[in-house]
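So, here come the structures, one by one.
The two complexes that follow have chain A in common; it is paired with chain B in the first and with chain C in the second.
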Partner chain A sequence: MAKVFIYPSTSLILSDLVARFGHRPLSAALQIRERIQTPGLESPPLQITPEEPKKGLKYAAVEVPSGVRGRMSLYGPMIEDAEAAVIVNDADFAFGCMGCARTNELIKFLIRKRKIPVLELNYPKNEDEGQEFVAAIHEFLKSLGSGE
Partner chain B sequence: MNKPYSPGYAGTVTKYVFVESPDLTPADLAIRAYEISKGVMIKETCFGLQITGKETDVDPVIESLRKLDPVHIFIKDRGFPPGDPRRCRANLGGARPGYYSHEFEMSVIRNISSGLEHLPERDVSRVPSPPAPSSGTKLDAGTLKKIIESQEP
Partner chain C sequence: MTRVRIAQLSCGPEYSGVQKEIEEAAASVDAEIFFPDIKLADIRKGFDEFGLDVRSPDLKLAIARARALVEGRVEADAVFIATCFRCAEAAIVRNELRRYIHENSLLPVVSYSFTERTTAGTLLTRMEALTTIARRRALLAREVQEGLTMGVDSGSSTTKAVVMQDNRIIGTGWLPTTGVLQSAHDVIELAVKEAGVKREDIEAVGTTGYGRFLVGENIGAQLIQEELTVNSKGAVYLADTQRGASTVIDIGGMDNKAITVQDGIPGTFTMGGICAGASGRFLEMTAKRLGVDITELGPLAMKGISKQVPMNSYCIVFGTQSLVNALAAGSLPEDVAAAACHSVAEQVFEQQLQEVDIKEPVIMVGGTSLIQGLVRAMSDLLQTEIVVPHHSQYIGAVGSALLASGFIKGD
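Right, the complex of A and B next:
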């Protein structure tokens, strides 16, 4: 079972397909869960404390907005932990403020820099594309071994 | 000064179960889940269920639910437990943020269902050609400068 980073990291489709084909999806929910289940000081809504941007310094310089560094404290450890990645590129809902947009660029850059197996796709717009989309993810995950 | 924070439902996992099926409604799914749940918390929603409990208890329930309609049931992790006052719209006084990805992905999910349905009968030697990002080169700064200069009188 390989740990597969998914982008967008909130994706239902990728999370389901990776788990369905026998691997472990690394999604944002896991990091959020870890934070909200750890006792400490109250920092609603996501329990992101002032410590997180400091942890993000490992991935982005100090002059980078704290929003990017805070987000990277969630995604960075998962990228380091990942053995493969599936990226869907035309996820318009992942677009947001500069914090989100720059974090998204940095995530893709760090994944490529890790030189792990990466599958890049677009969302399927019809059923034919859907069949190719699922088959491509299935093939990719099968190539990682010890899955389904 | 921040107040001390002690988490509820520590050590549990929450899973979303989405159903987009012509044969199965979230209510059917909830009844089946209640039948086989052993102490896990189940919340029925408009799109499916949220199941919270120990990972060892939740996993058999979702695997069993998935078998009801494998190509139309989709499952993912959720960070917060159901009804958490920081996310639940009952406390926030309006629509809750964070459903944009679900809203978008549910609009293309029938394409994924079709893919899953046809996967077993697919010829294994056929190389998949998924919708891929365009690899066309983008306009570089030098070319853009030339275009701008050619437009000047």
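Right, the complex of A and C next:
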């Protein structure tokens, strides 16, 4: 079982696909579940406090907007932990959406820099492309080794 | 109206850890922050039709939400636009949305760029102004002072009091702020004495400025209101421009305000307070370093040529360094005074006036409006004649006294 970072990280469909093929998806849901289950009501609902943008300094310098650094404090550790990644570009909002374009550019760059197996593909525009899309993800996940 | 509903259009506050601060600031003025609900299809449509091709989905959502507010599909009393400080894409969206909402609706709107250090306290005056405009539109429409009223402006540098009777100023008091309450009591005594009235005969009192709550509660004020709405009201009243559009600029000791006003009611406003190099405090320091009284700085600056001295620092420390260097290099005091005025005016122009749409007449108020060199520098930058009304240094106190008369009969 490989730990597979998904982009968009909020995509439940992508997360489900990775899990179905026996791997562990690293997604926003994972980080957010951990946060909202942490006791305390410091900054609901995400429990992100001004400390998170400071933790994000590991991934982006202080002149980078706080929203980017706060997001990176969530996604950065997952990128470091990932053994593979699936990146879907130009996805429809309904498929999964990540709010900040600058953060998204940085996330994709950091994944590519890791030199781990990465499948990068565009969001399908019709049914035929949709089938090819799922098949390509299937193939990629299979190549990562057998799931449990 | 009880609880004011403020629609939030934003990108990043929840990830910067400041969403809670925004909500706290709103709650402290009995307002509620909400995110306008819209359908997925409306996001695409709203964003496409607006025509600003941004990449960040949260900004696309903000655009679509703004359209829903303007078109009346979502109801709100006011709008708060917030994006990350230093994000260029967000800054463009923030400005364009503020302008779009202002031009196409009656909703009061304020925009703010936050960092992870933004606190509820920083946002309080802005939120209070938003709710005042939404809640007290009828009071803000008041154009005439009636009865015998008093206004007290407890500012960061100075405390002012004005007694008004039947639409005339009959007494004033002005002192540097030392102890907040003591300074207030002292200026009240001065104003009451000059007016020749008894304190107990005053029918209604209003307070504004940083110390408004403390002073207001202590002296039993009927009206305690933030300085954004009070000062703009006082400015158009004194400048006799209560009808139509105008722009009010108030460069204060600790922060600066730029407010566009329509028929006496603020539309959009900015309030800056991060960099002291762009505040009245820097001019105070300049006067001190030049060995002149602050009242002499203006006439001195009028004799000087600002271009002779390089000075344009955001920071009061670096600004003072430029000042010291210039004097050490043999620059004339009048040129240094002119450069200091130009530096403050330029930074207010660059940092704040770009966020409001300047509409003439431009009215400068507050203590710094008496520094002629500063008014001239601002006039040069804006390429327009600037109006400085009489009693401009008492603007908050006048605005408070004017609005307080709405409370005489328990209005």
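Note that in this section the second predicted complex is superposed on the first by the 137 of 148 C-alpha atoms of A that agree within 3 Å, B and C clash if a C-alpha of one lies under 4 Å from a C-alpha of the other, contacts with A are read in each partner's own complex, and residues count from 1 in each chain.
In this text, a residue touches a chain if its C-beta (ideal position, glycine included) is under 8 Å from a C-beta of that chain, and two chains touch if they have at least 3 such contacts.
Remember, predicted model here, so these are calculated numbers, not experimental data.
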Is A:Pro124 touching the first partner chain B, the second partner chain C, both, or neither of them? first
Give the label of whichever partner, chain B or chain C, reaches more residues of chain A. B
Using the touch definition from the top, say if A:Val134 reaches chain B (first), chain C (second), both or neither. first
Once the structures are superposed on A, label A:Pro53 by its partner contacts, choosing first (chain B), second (chain C), both or neither. second
Contacts for A:Ser15 in the overlay, against chain B (first) and chain C (second): which applies, first, second, both or neither? first
Contact-wise, after the overlay, does A:Phe93 reach chain B, chain C, both or neither (first, second, both, neither)? both
In chain A, both chain B and chain C touch residues 42-44, 46, 93-94
Quick one: in the complex, what on chain A touches chain B? 8, 10-13, 15-17, 19-20, 25, 27-33, 35-47, 89-94, 120-127, 129-139
In the complex, chain B touches chain A at residues 2-7, 9-14, 16, 18, 66, 74-80, 84, 86-87, 98, 100-106, 108-116, 118-119, 122, 126, 128-133
Going by the contact rule set out above, which residues of chain C touch chain A in the complex? 11-20, 40, 43-44, 54-58, 61, 83-87, 89-90, 114-117
Chain C-touching residues of chain A, taken from the complex the two chains share: 42-44, 46, 48-54, 63-71, 74, 93-94, 97-102
